[in-house]
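Structures follow.
Heads up, the next two complexes both have chain A, just with different partners, chain B and then chain C.
Then we have the complex of A and B:
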């Protein structure tokens, strides 16, 4: 019995590690489909990663060890977070009471090192990107934490795999509309943290308007592969948190649970693709309003959940 | 999806529309959001009677239909017409910035939840959300009224305030005579009608609808 669970956990881990580039591929394919193009092949992100990993890296003489550590620490932080977040099934590999805080700050740690690496290059463009990334990151954090407060008060737990697991399915009637608000707030957080339209345009080619892409201009070879894969992994992790809240599953066999989550994740990637096609990115000084909106949504949800105003 | 859940969701949506009005930078968007909010509210009297296990009576039906005709169709039509023929700047021009006013709005919402929890009521409301939502709609309407420069946004603020009164009135749907409710609707219509005429004349006289400039004395 334990052997079966170990094998299932290993299979799930492999799937979690293999899935992120595919989600990026779904986003790109959706955008191509909307524009009437065929788009790159489905496995293009994997080919890109393979190509980058086989290349050598070029380092500027002005950079220090911080620049080299950036991508590695980012990827390590995200992989650690992946062991705490219940990604596909409702169980995480590790998990303890209070691990939500660790997950949130592992995301922050990854971002910190990407930002430090960008500042280390001494390029003014990268400094600008770093400043924007930090500004928007600061503003999306309250929305994330207020959403987590709602989930914690609904499930009376501080362990992420319980907060968004079957316990949430049991508690969803008691929280009602608050959960919908949390879904809206988390969607905006997802779009901000993964640098998607309407906050940032991952396909832009103008350094002045970039946020995430401008910070990684100097990385090459394997370092750039780590960053690309890390961004995709972050999308997977935040996306699965969002989906666990939007569609709580009852406790059921992982053989039904996991394929259902994979389909939902594909759907989420398609939705992100549709958002990218159907709207332009916001003017830079309007982005704080969007993030304030997310914070207000989450705050309203927290008020509803904490005052018990919803039956 | 129980009727209770839908009523709660509608009431939460009403607050969100209020905050959306604070955040929207265009006059026409504000009017459309108000129309949407009134549309949601028009169905609440019917929903309330259904929740109490009766078939919707004539009273609730007339209130709903009156709201629908006046606040969803007629008043937005008049306001949109003024904006369209006004040929003035269609931006909102707030005293307080959009992000700041959304945050102030959120604080007001939290405040009204805190007040509503301590408010003793003579009867059990259909949904625990009715009182806090009514209070926050009132307060947010007031905020729109005082924090915007244009005469049109002040009309919208007044209308939102009245929507708050309407939600509070839902508590007393049975006790309030139909005549009073219809009187309120008629007052509202006459009020908006007069304001439309005033706004029109302000624009004719001064080429703008900016009430901020009206308190400056000018001899020329």
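Then we have the complex of A and C:
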């Protein structure tokens, strides 16, 4: 029995690690379909990663070891966080009371190192991207934590796999409307943290308007592969937290759970693609308003959940 | 206990020796450094059994009668925790100072610095071990005076003298207005100055009385600790002081305020929830505004000073949640809140000490602390850069270092401590959690800015020269660096050591506390697993990176320019500066900060020199205390005109702009002129009037007490009168 579970966990782990580029591919395909194009092949992100991993690297003479540490620490932090987030089934590899804070801070650790690597190049473009990244990252933090407060008080737990697992399914009746607001807030957080339209446009031509892409201008070869994969993995992790809140599953067999989640993730990627097609990127000074909106949504949810839980 | 006495003796000896060797600065410095290190080791020896076995040393009464009783020293879990903090940081700082101060030997009063450093450390030890109000206040005052002299080390500079005076005045106001009355009230309640009777004397005290005592403590000790808005001395004094002194000020001297507050809480019975809410609000305001102001600074030490205010805010959040736990009767919340606060005291001392020392090494190497002029130091001083990065990751509360562990505990108390409690408690928990999240994000932005601009990129000043960090300075910084990493990786070893302190503050029994602490420890030990996992993944990815590059037979090209988006001639001046990096955040929070910006924009084809200057003045300093102090100054000037005949402070007939004489001022001026004739009978009349006024006040205030038939107890609760009024 234990052997079966171990094998299932390993299979799930492999699937989780293999999935992120495919989600990116779905976003790109959706956008292509909207524009009436065929788009690149489905496996293009995998080909890109393969190509990058087999290339050499170019390092500017301004850079130091911090520049090389950036992609590595970022990806390591995200992979560590991946052990705590329930992605496909409602179980995570590890878990302890309070691990949700560790997950949030691991994301922050990754962000710090990407930002430092950008500043290490001494380029004004990358400095600009870094400045925007920390600005919007900071502003999305209250919305994220307010959403976590709602989930924590709904499930009376600080362990992420319980906060968004079957316990949430059991509690969804009591905090229903609050969860809806949390989904809205988390969607904005997801779009911000993964640098998607309307906060950032990953496909823009002009460096002056980018956030994430301009920060990683100078990375090449395997370093850039790490960064691309890390961004996709971050999308997967935040997206699955969002989906677990939006569609809480009861405790059920992984044979139903996992395929269902994969379909939901594909749907989420398609939704993000639709958002990217249907609206333009916001002007940079409007983005704080969007994030304030997310915070207000989450605050409202927190008020509902906290007053509901007392009486 | 004898170890503490020995360390005090050693420090006083060191101070005396340094003072006597004032002609031989090098020897004096050596004597000071050696005695501080020796004393720190003695303190660690004394504190260890207290922490490891949570035993309490019996109070030692010295045979030296002080004016108001006997000198008593005691060591419990709380004292021992602060003693360890003091010992660890002072020994590091002493070692660092030996190397750092060599350059100052022929320029400044180094022997005096060494002597006052010894006195400061001795006073700190005295403050945290005193078990008697008089001894505590002697230590408190000595600490303040010693640090005043240390701050004014570069006393020839005008701004340093100003900083030292602000430090002295702010702290003395805090002591005189709040700490002295607090101890007066405590002594009146207990009938003794001995700390060990305070707790028993205050049990069963009314809510209003305990609230008043708590507020006195919060303002008095909070001035020392640097809670906003009593923080104004902090960002002024830290940059003015020489680096070892700033590290000590930020690392341990402000923690003496926290110690005072926690010691007071250990005497008070469970406080009403409103006190906890006040504490939490102070924590949130200090934390958020502290880090926002830090983000707006250009001077590295001033920036770090504002971060101390932020961290004091985090400690305040922990203390507030502990208090809330006490008033709600939740041992788990008490353990998490106070435990997180205590751990953060030690952690902040370690990483802030490290950051100050590292910033000092930057200033030592380049001669400037202006962030805008620095850059690219990671290539010139790689060791220092690594140490600063470690400190920065720790202070941002990121795993796997120590800041994360204490912030994790405080977060745990905020997020999970108030389930099912009252609405106000749950709401405060939620507000605390989002402000702590905001602080985390802003601290990350701030340290990305400092590290990125100072150590990475290209030097912004064209002629920036930097020499390598002297080996002894580097060695000294490794001590806190190793502890930062150690506490972060093995929190299961260090967190239980704070248990004795928590029990002392909350007055919990061993069994009750153990039950509350068990689940926390179970979770905390898990953090080691993830620190290891993170390190392992980093190593694997690093190796993979190397292997891939080698296997592909591809080349690593090193000597190229940064890709400037096809611009061929980028220069170092085109880099993002610290101000531009922080500006978008500052701009978003402008309604809280009121940044000022002077901008002469370039106009036309052949532009005149343009300039941009940003400056963020401290609101509390500029809009609250400066007008207050100006008003006080005016009053004092009038008093001085009365008593001192030499100065014509007020014009004979004040006339306003319209040429019209203003009657009120004419009257005042006339009285003043009459008074300042220097005639003795005027002063005699003054004294008589004053006596009369005192007599009238005295007779008025004593009337209700002597009224026959209705004896009113002296210690009637203050709220009683209000209730009577309401019932009529």
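In the analysis below, the second predicted complex is superposed on the first by the 308 of 311 C-alpha atoms of A that agree within 3 Å, B and C clash if a C-alpha of one lies under 4 Å from a C-alpha of the other, contacts with A are read in each partner's own complex, and residues count from 1 in each chain.
The criterion applied here is as follows: contacts are C-beta pairs under 8 Å (C-beta built on N, C-alpha and C of every residue); 3 or more make two chains touch, one makes a residue touch a chain.
In this text, all values refer to a predicted model and were calculated from it rather than measured experimentally.
Within the superposed three-chain model, A:180 lies in touch with chain B and out of touch with chain C [touch as defined at top]. Judged by the touch definition given at the top, the superposed model places A:39 against neither chain B nor chain C.
Measured by the number of chain A residues touched, the leading partner among chain B and chain C is C.
In the superposition on chain A, A:288 contacts both chain B and chain C.
By the document's definition of touching, neither partner reaches A:166: not chain B, not chain C. Of the two partner chains placed by the overlay, only chain B lies in contact with A:296; chain C stays clear of it. Looking at the shared chain after the overlay, A:13 reaches neither chain B nor chain C.
By the touch criterion defined above, A:307 lies against chain B and chain C together after alignment on the C-alpha atoms of chain A. Comparing the two complexes, residues 288, 307, 309-310 of chain A contact chain B in one case and chain C in the other.
Across the interface of their complex, chain C is touched by residues 53-66, 68, 72-73, 75-77, 79-80, 83-84, 94, 96-99, 101-102, 104-106, 108-109, 111-112, 115-116, 119-125, 127-128, 130-132, 134-135, 137-139, 141-142, 144-146, 148-149, 152-153, 156, 158, 207, 217-218, 221-223, 226, 284, 288, 302, 306-307, 309-310 of chain A. Residue ranges on chain A touching chain B, taken from their complex, read 176-178, 180-181, 288-289, 292-293, 295-297, 299-300, 303-304, 307-311.
Residue ranges of chain B in contact with chain A, taken from their complex: 4-5, 8-9, 12, 15-16, 19, 23, 98-99, 102-103, 105-106, 109-110, 113-114, 116-117, 127-129, 132. Residues 375-376, 378-379, 382, 385, 389, 393, 396-399, 404, 407-408, 411-412, 415-416, 419-423, 426-427, 430, 433-434, 436-438, 440-442, 444-445, 447-449, 451-453, 455-458, 519, 522-523, 526-527, 529-530, 533-534, 537-538, 541-542, 544-545, 548-549, 552, 554-565, 570, 572, 574-576, 580-585, 588 of chain C are the ones touching chain A in the complex.
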